[in-house]
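Here's the structure, in structure tokens; my notes come after.
As written, the chains take the letters A, B, C, D and E, and residue 1 is the first residue of each chain.
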Amino acid sequence: MFDFAFMQRALAAAVLVGLLCGVLGFFVVLRRLAFIGVGISHSAIGGVAIGILAGWNPLLTGAFFAIAVALGIAMVSQSDKISEDTVIGVFFSGSMALGVVLFSMKSGYQQDLFSYLFGNVLAISTTELVALGCISAAIMAIMLLTFKEHLLVAFDEEVAAAYGHKVLGLNVLLLVVLALTVVIGVRLVGLLLIQALLVVPAAIAALWALNFRWQVLVAALVGSLSGIVGLVMAYQFDIAAGGSIVMVAVALFFVTLVVHFIRRHFRVPPPVP
Amino acid sequence: MNNDKVVVGLTGATVELDGRCVLHDITFDVHEGGFVGIVGPNGAGKTTLMRTIMGLVRVVSGRVEVFGAPPGGKRSEAIGYVPQRQSIPAEFPATVGDVVMMGRLRQLGPLGFPGRKDWQRVDESLELVGMQDRRSRPVGRLSGGEQRRVMLAQALCASTRLLVLDEPTVGLDLPAEHEFYALLRKLIRELTLTIVAVSHDLVAMAGQSDELICINHRMHIHGNAEDVIHSHAIREAYRCEFDFLGGELAHHETPGHQHNG
Amino acid sequence: WISGTPALASGQPLNVVTSVIPVAYIVSELGGERVKVDALVPPGASPHTFEPVPSDLRKLARARQFIVIGGGFDAWSDKLLGAAPKGIDTLHLFEAPNLNPLEGEDDHHGEEEAAKKEDHHGEEKVAKKEEDHHGEEKVAKKEEDHHGEEKVAKKEEDDHSEEGEEFNPHFWLDPIRVRDVLVPVLTERLMAADPAGKAYYEKRRQDFHQRLTALDQEIRAELDKAKTRKYIAFHAAWPYFAERYGLEKVAVVQEFGGEEPTPREVANLVRDARAAGVGAILVEPQLNPRVAQTIAAEFGAGTVVVDPVGDPGDAARDSYEDLMRFNARAFGQALQGKRN
Amino acid sequence: MFDFAFMQRALAAAVLVGLLCGVLGFFVVLRRLAFIGVGISHSAIGGVAIGILAGWNPLLTGAFFAIAVALGIAMVSQSDKISEDTVIGVFFSGSMALGVVLFSMKSGYQQDLFSYLFGNVLAISTTELVALGCISAAIMAIMLLTFKEHLLVAFDEEVAAAYGHKVLGLNVLLLVVLALTVVIGVRLVGLLLIQALLVVPAAIAALWALNFRWQVLVAALVGSLSGIVGLVMAYQFDIAAGGSIVMVAVALFFVTLVVHFIRRHFRVPPPVP
Amino acid sequence: MNNDKVVVGLTGATVELDGRCVLHDITFDVHEGGFVGIVGPNGAGKTTLMRTIMGLVRVVSGRVEVFGAPPGGKRSEAIGYVPQRQSIPAEFPATVGDVVMMGRLRQLGPLGFPGRKDWQRVDESLELVGMQDRRSRPVGRLSGGEQRRVMLAQALCASTRLLVLDEPTVGLDLPAEHEFYALLRKLIRELTLTIVAVSHDLVAMAGQSDELICINHRMHIHGNAEDVIHSHAIREAYRCEFDFLGGELAHHETPGHQHNG
């Protein structure tokens, strides 16, 4: 099965994305940003429409737009009047509406705006895989270097600021890194996979109520494991690969939930302190 | 105990929140090795004062200096801080030790990996607040008083030069409170630690601190703890009568009694 | 390098993959038993939910020939092509000579651009010939640059992609264009890939050529019965068909699937439809008919199903000729005008 | 412009949806559920796929699925291990993946799964408008009757439970009402409009930092006002109606943000205590 | 002051949290009009006990009854509750008056609209905690102590039969604390209100309550406040020595001192 080059590449991409999203997903779940994937990817639509109308590369304008939106989210949600998810929701709606309106002004036969953004894990090319690898490594390095700071900000922004950490800077960094991951990931392996891997493995890890070290590890492992198992299943049963990977992760989530429930109600002591 | 080095200095500091003047023309200095207690009725602006010292709110006029520089600046020294309100999410995925270590983040190396010395410091801090046996418990699952101790340990881990404490002993049981004050005295003596602390426990504050400052939006009095507690100014700030006899406190309403209207 | 394609092992069919179903219909008419053809990507599938299954990719991996519309229409297959082995030979139908693709629905884009395009194509053909000598890699690269999604911001590419986005890709809905443009190109391609079957393909080409001529007459007869020449389509799939049979588009509900019409467009559509006495809006099985139904109700008309793509699972639409007959009947019905 | 029946219906629908979403949006923003619209509507995809494969009405199965997902969200997020938005994210991913996988098993040419769910405000029929009106009225009545209870739960679940309120029941009610609004609203007026009107007007109201009575009122007014202005603009400038309505709301959001910023930094006292 | 009607009754109540036994075999009754103080070191399970009485956690064995029925049941009577941890979101869009009214929701009519009487009750409650002039301020913008008072007013608004208070005076300034205790005494006298309250302030608790219960996971002593405070059992529960002389408290470590290990 893995003698097909496309399967090898899909496997590598799924494992890479699983690892990356596991690490980032930890913060996504901790900071209640579960819809950052959908939010950022759909926000890029406004940029795609601008790109098409202006005759620029729609992918580039879309990516720029997504990162600008991430910066906007960080800035606006700094005032504690409205939470980050609400700000993401506003930008999501605004960008999509902008895309729809701009697009309705253009006549002539067009592709669906979204088709510029969305990719597929089976369709990843070698160059793209290499790019994905480099970007993953860079993002992982950044996150591991600033991990504790991000954790402190998630613990208590006020205390973090009191200890002299640049809370706004860290929030901007996190959102921009997420935006990058999302725009690149969505383009290469598809929205479904990125969105799910940013949330589901980290949610599984959170259900085990482990220490953050374990949570990150479990999330990364569940993410990449789902990738491997999901791909094998997709090949065996000839079903959509991205969907299959996500289904594996979601199935693991429900298994964890049941285990969690049983443990609660039959009082088996927790495995890790 | 005091020397001449000013650690925290406020000059005519005025703070507004939401267009409301919360602190007006606050001026005082805290010298190295000093222990200054801040007292005042609810809503007097004590927490706002602590947040101003930590650089979390800006003054609209006047000046604030910590270690000779405006607070919150780039190279400002680490300050141990215990905020008044703290609600740790029940599922926060870190142990007590991890949370205490977070106080030291800025002192760690560039890679942010704590060394043996750092962990030793964490252990010491936890021992000082009597939580050494809770080090690997998830922090969200502790009782209210236990979490309070963790925050104290974090502050102690962050700095041994200046602690800013907003009602630090709230929620602590009696032995813990006494141990904590004993600890502060020891730190001041041994490390020339400087302390600014808010408390509602006038009796304890008067007994522990060198100087008391009584505020109610503006400063009512600043001086020796004994003097302050028996002054007329404190009655004015609280707008009621106290009767400190043998540590017991009786409370009589004065005519026109009203809290910080 | 086409000639460099290794000869087929005897008894094994030539694997051809197309992006859309109608092209697969045409290829299978031409290829007969010597060719195994699979359509890959349904156009109009939302990128939200469309995902190929591994067997699609396997087909692509085994295929010798990959035939797409190009010009950004079947973006999905372009993306998949990036994952396909480098040895696959890709044909972009939209570059076929003499195709005369219509410039969308927009008239004022004018001949200028058409001319530009011709130039451009000319160039490219030359380039292609050259590439024959330079081997596979360069070709693959060139092709990818051009039509893959990695539109590197080269001046030429920009130019191309912009123009590519505006052409209307539904040229297979005109049987005469199919007969005179697509069939020769596709036959040539099959012959080159499978030289041993040259005679076989030539025979099938001639046969199909005649059937297409007959089909054209049949459609003409069907449409001549109609009362009016005015139609309202759901999305802009029918300009080639309309041009061929002298139909006149009043409006389309959506320029392409999923686009939101503006209130003015809907108002104009209603007004024009009333004035023209259009009796039905043409809807398509691939697109949700709800909008069309509501709008049709606005001027007291109904809806009729036409299918620009076809469905191998439905006996009424499982070959090119059946599909076109199905559409001709549907158009005939819709052009009966308002029953007052 | 409003002599066309479809414009009249669109206007009525936009105003209705604006009012309904304003009221519900208050809780959506307060409880950090900004992506409930996207989450629930995309979750219906699994049900649509099941309906198509089983030969049932895909709309009905989709709606049932969405409501089942809402119930699941309420149940799972009851354990305070993971927040509601994470649970929505998991169900979102799971349902979409299920839809994609099931759909990849079916051969032949099909409508896009989403096209079953998505509507357009210009295409609403009279029957649908009446149905929308009835459902809006019913939902508004339910929400106004239980408003204070929901507010208390948002204030503090523990205190609400201590005072004998059925917290789980109220959460289920809120999520089911939201799910109903979303599946019906998305079908009739489109995802963009529902999602935006659930978030943007309430976010504007929250920026004014008013009492909940004013917040609900402002949100409902901004929602319906955007509907009217957006429709007029769409007609005038010949642009997409849904997009135009959302753009008006988002523009109001940014105006509010600027006013908010100016008020903060130039210390004009707030208008309402 | 006490009569025979049992308002809160626990019999062998045992509670586990996360597989950890937090309360073991707790048995006591609270009679109508009684004021029972609960004391114990940090992490002793006091908050868990209050939550058990409110029906927020279930016992794994034993029985809990409030007004003769298991707590949290359908028709259980309203109980005023002040939780220990409370963090009100800074932007919560309700005024102090609204929040206090929330305590009365179940007593309102079917449409949930408060009448004039209800608002009067809110005003009374606010006046009792000295917050009448803050009634229309946004609740999130109050100081910590002010928020505490709001929660007290909410509890008072919810019930005049039973109050369950978890460290109710934490964060209150001294006059407010004294007024609050005076208020409780008045309510007990006038309305035969019943009170169960946790506090770390042993001195205040001993002075105010009829009975004290000292727990550290299990019950160490239950009885008259004076007796409890001078008993050996309280020293055992806290695992250290107290010295209550003239209200001042000295703290001496006993050998092998360790908090609730």
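Heads up, the rule we're going with is that contacts are C-beta pairs under 8 Å (C-beta built on N, C-alpha and C of every residue); 3 or more make two chains touch, one makes a residue touch a chain.
For clarity, every value in this text was computed on a predicted model and none was experimentally measured.
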Touch-network distance, chain B to chain C, counted in steps: 2
A-C compared against D-E, more contacting pairs: A-C
Taking each chain's C-alpha mean as its centre, the one farthest from chain D: B
CA centroid of chain A to CA centroid of chain C, Å: 36
Cα-centroid distance, chain C relative to chain D, in whole angstrom: 39
Whole-Å separation of chain centres (CA-atom averages), chain B against chain E: 27
Interface hub residues of chain E, defined as touching at least two other chains: 18, 91
Chain C: positions in contact with at least two other chains: 46, 48, 51-53, 257-258, 260-262
Residues of chain D engaged with two or more neighbouring chains: 42, 81-82, 96, 99-100, 103-104, 206, 209, 238-240, 242-243
Touch list for chain D against partner chain A, complex: 29, 32-35, 38-39, 42, 76, 79, 81-83, 85-90, 92-94, 96-101, 103-105, 192, 195-196, 198-200, 202-203, 206-207, 209, 238-240, 242-247, 249-250, 253, 257, 260, 264
Chain C contact footprint on chain D (complex, rising order): 1, 4-7, 10, 42, 45, 96, 99-100, 103-104, 107-116, 118-120, 122-125, 190, 231, 234-235, 238-243
In the complex with chain E, residue positions of chain B that touch it: 17-18, 40-44, 46-47, 84-87, 130, 133, 141-146, 148-149, 167, 170-179, 200, 202, 238, 240, 242, 246-251, 258-259, 261
Sites on chain C touched by chain A in the complex: 46-48, 51-55, 57-58, 61, 72-73, 75-76, 79-80, 82-85, 103-106, 109, 149, 151, 153, 158, 162, 165-169, 236, 255-262
Contact set on chain A toward chain B in their complex: 30, 145-149, 151-152, 154-156, 158-159, 161-165, 206, 209-212, 215, 273
